[in-house]
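Read from first to last, the chains carry the letters A, B and C; within each, the first residue is number 1.
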Amino acid sequence: MDTFTPSIERSTRASQIGLVLAVLLLLAAVSAPWWAERSSQRLLTEFLYTVALAQMWNLMCGYGGLLSVGQQGFVGLGGYCLVVLGLQWGIHPFLIVPLAGVLGALVAVPTAALLFRLRGAYFAVGTWVVAEVFRLLVANTASVGGGSGTSITRTVSGIPAWWRESSTLWLALALGAGATFAVYALLRSRHGLALTAVRDSEPAAQSLGVSVTRMKWLVYIASAAGCSMVGALIFITKLRISPEAAFSMDWSAAMFFVVIIGGIGTIEGPLVGTVIFFVLREFLSDYGSWYLIVLGCVAVGFMLWIPRGVWGLMSSRFDLRFFPVQRRVRLAPAPTRGVTAAPVVAAATGDAA
Amino acid sequence: MSEWINTLLQGLLMGGLYALFATGLALSFGVMRMINIAHGDFAILAAYAAIAIVEPLGWNPFLVLFLVVPLMAGFGYVLQRVILNRTLGQDILPPLLVTFGLSIVIQNLLLVQFSADTRSLPAGLLGTASLSLGGDVAVGVLPLITMLVALAVLGGLQWLFSATALGRAFRAASDDSETARLMGINNRHIYGVAMALAMGIVALAGIFLALRANISPADGPLRLLYAFEAVIIGGLGSLWGTLAGGMILGVAQAIGLKADPGWGILAGHLAFLAVLVVRPNGLFPRTRDR
Amino acid sequence: MSLLQTTGVTSFYGDFQALYGIDMCVEEGETVAVIGANGAGKSSLLRTLTGLQKAPLDSIVFEGRPIGGLDAHHIVGLGLALVPEGRRLFPSLSVEENLRIGAYSRRPGPWTLERLYALFPILGERRNSPGTALSGGQQQMVAIGRALMSNPRLLLCDEVSLGLAPVVIKDIYAALPGIKATGTSVLVVEQDVGQAMKVADRVYCLQEGRVSLSGRSGDLTREQISRAYFGI
């Protein structure tokens, strides 16, 4: 019998091209304040933070198997960090963003303890209740503006406009690209493999020693921290906050729409989905409520007929992976033998089923 | 003192309305193992349908009820068979996300058709009448009627589940849908019937809501949360538990409201979370959760 | 015309093929046994016959009517009932309710609750207990009774002896003549070869999704059966 030495490889042709593309895009984005118009920068910022939110939701749902319709609770929490830490304590707004992440993670701990008593669909609605509780608590607190909200322009008033716009963009880039690469890194690690195992079959994963509970906690807290950071960033751009806007279901709707249409359980999905989301918004922005009706119908249609989303469809058709998380075994014949045989490649998929 | 008794009674009777909202949800949880995120929105849809008939034609809302409820039930059957049955399976995601999408679509269609202004159904004399129970204690007639309707619905469902072939089929399909097929049960049809019932009951709830309060197109989701909380507090699988859950929710909200106008709804949510901490399976659980 | 005739039945679980073309038949009044090791395809065969798994329309003909691939709830109405592997009683229903739901398809025939309680008296005593509170053997009786309530022309039994003590198995198979007396034909799937040979007129042996042996139970030797069973 021939001996073969197995080697594990991760990158594919597509991923190598993708890497080059990613670097180019990142450079373009970083340099945008110098060559792009104000309005384009704002659009780019919005695009980037939407990607961040979508990656967080995808991490929880597509990879962690935890469906949440309450992430807006953490988005709002992050936004109100600006009010408390910025308006009241005078901390620099761009510093508040990471602090919001820490706060989000801290709040996520007791929240998860409560919510993990529910499973599946009940968990989902439970997350919504929690988000509502956050909203009502804030709305009843006069010192942060109560139900009508407050303006937060004062937190950024000391900073020159160009710096403010550029730093916002860079921060959005850090969050959007950061979320994408953080999820990618997580999935490439052994924790990522464990996560995929848990999603595919909890009992099987448990029997192999994976702590299902620990994985779920990790994913929930990471997602909460991410959403809080994005929330703080969002309201730096909006400069006015109110409980209704901060804790709006629209954030969850956007996350869910982007991920489903783009492709759940893939890293490329949220990117593709955000592009489609913004394109649709451009075309339908004049139609008010009809825009949301179309969005809702499209999402329903996708869920019924194209559940793996656009990227899911494309990647299975063309076997594309820009962010390779699978490990492939390549068997090359051992060099000492004179016999040459074609190398056998078997792919072990870590991607969404 | 009588103020507090009145508050308590108000809350308890509110439980009747919440039980109507919750029962439909419990039905679809129980039979199809599905949460319908658009549940509250269907109630509001039914209310607006009633308003759309009552306003131009001036008919008595209680009569329009007999038109709208069966219509909504029929709509529920079609919705289940054409769309929602396709989402059922091992994965919890599809039914949740499809109904979430439906929720958004319904809210915005109502917004387009009726604008964001609040509306209500004219309850006439019944809306303001109250029944005195001695001293300063009194209860509203409409809330009382709502509670009686809720009791009738729950009683009817209890009878349906325990004493009829359809009820047995519901229970069997919920236990083991594959073996149910071997009995000759057409699951697709049974789920349709369950949704028709759920939709009819929630239409009832929506109309009674519009009789006592102003509604607007975006009111659906909050009603879903109330329904969900009532079911969880009461305990999964128990119809009468749902009533208890509704009453507890109602009382919590009434007390919260009395303490501070902004705390009504919050008190309800906090009561739900408290029950979740102390008794995660609810107060009167019956089913084994799958 | 046979009561049940299959021609080239194939069955798949996704990409995995479980049956590779089964030809068999059951005549009116017969008891046929299907034996084979674990994974031979016995349960797949029964699931395909009863519509839980798809097959080409003409590959299964029951009472002259092609039923391959029809909905399971439809097939029960035609007179083909299954006692599923593992009993699969409904936990939310009592013993009596489990039996009554068997009659959901409302086929006319001789089987009633009274007749069943006469056949399996213990069930009458425990009629209001939850279905799953009974012992294994009693649950098996309920499962059989439940299938009988649909007044089938052909009763399919999937491994009724699984997990039961020999004494209990004897009691259950002792009910077979009572069942056959009403004109129901029976097809039993069994891992226990001895038991199958005792009750059956004819035997089919499945091995890796194919019929490896068939014949009258009296005509087959032990050696033939072993070979066919294990595929040696």
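Note that in this section contacts are C-beta pairs under 8 Å (C-beta built on N, C-alpha and C of every residue); 3 or more make two chains touch, one makes a residue touch a chain.
None of these values were measured; they are calculated from a predicted model.
Think of each touching pair as a link: the shortest run of links from chain A to chain C has 2 of them.
Of all chains present, the one whose mean CA position sits nearest the global mean of protein CA atoms is B. Centroid distances built from C-alpha atoms place C farthest away from chain B.
For the pairs A-B and B-C, the larger set of C-beta contacts lies at A-B. Taking each chain's centre as the mean of its C-alpha atoms, chain A lies 52 Å from chain C. The distance from the centre of chain A to the centre of chain B, each centre being the mean of the chain's C-alpha atoms, comes to 34 Å. Between the CA-based centres of chain B and chain C the separation comes to 44 Å, rounded to the whole angstrom.
Those residues of chain B lying in contact with chain A across their complex are 34-35, 37, 83, 86-87, 92-98, 100-105, 107-109, 111-112, 221, 224-225, 228-229, 232, 260, 262-263, 265-266, 269-270, 272-273, 276-277, 280, 289. Residues 50-52, 71-73, 76-77, 81-82, 84, 88, 90-93, 97, 100-102, 104-106, 146-147, 150 of chain C are the ones that touch chain B when the two sit in their complex. Taken in their complex, chain B has these residues touching chain C: 165, 168-169, 171-172, 174-176, 178-187, 287-288. Contact residues of chain A toward chain B in the complex are 61, 67, 69, 114, 117-122, 124-126, 128-130, 132-133, 136-137, 139-140, 147, 249, 253, 256, 260, 264, 288-290, 292-293, 295-297, 299-300, 303-304, 307.
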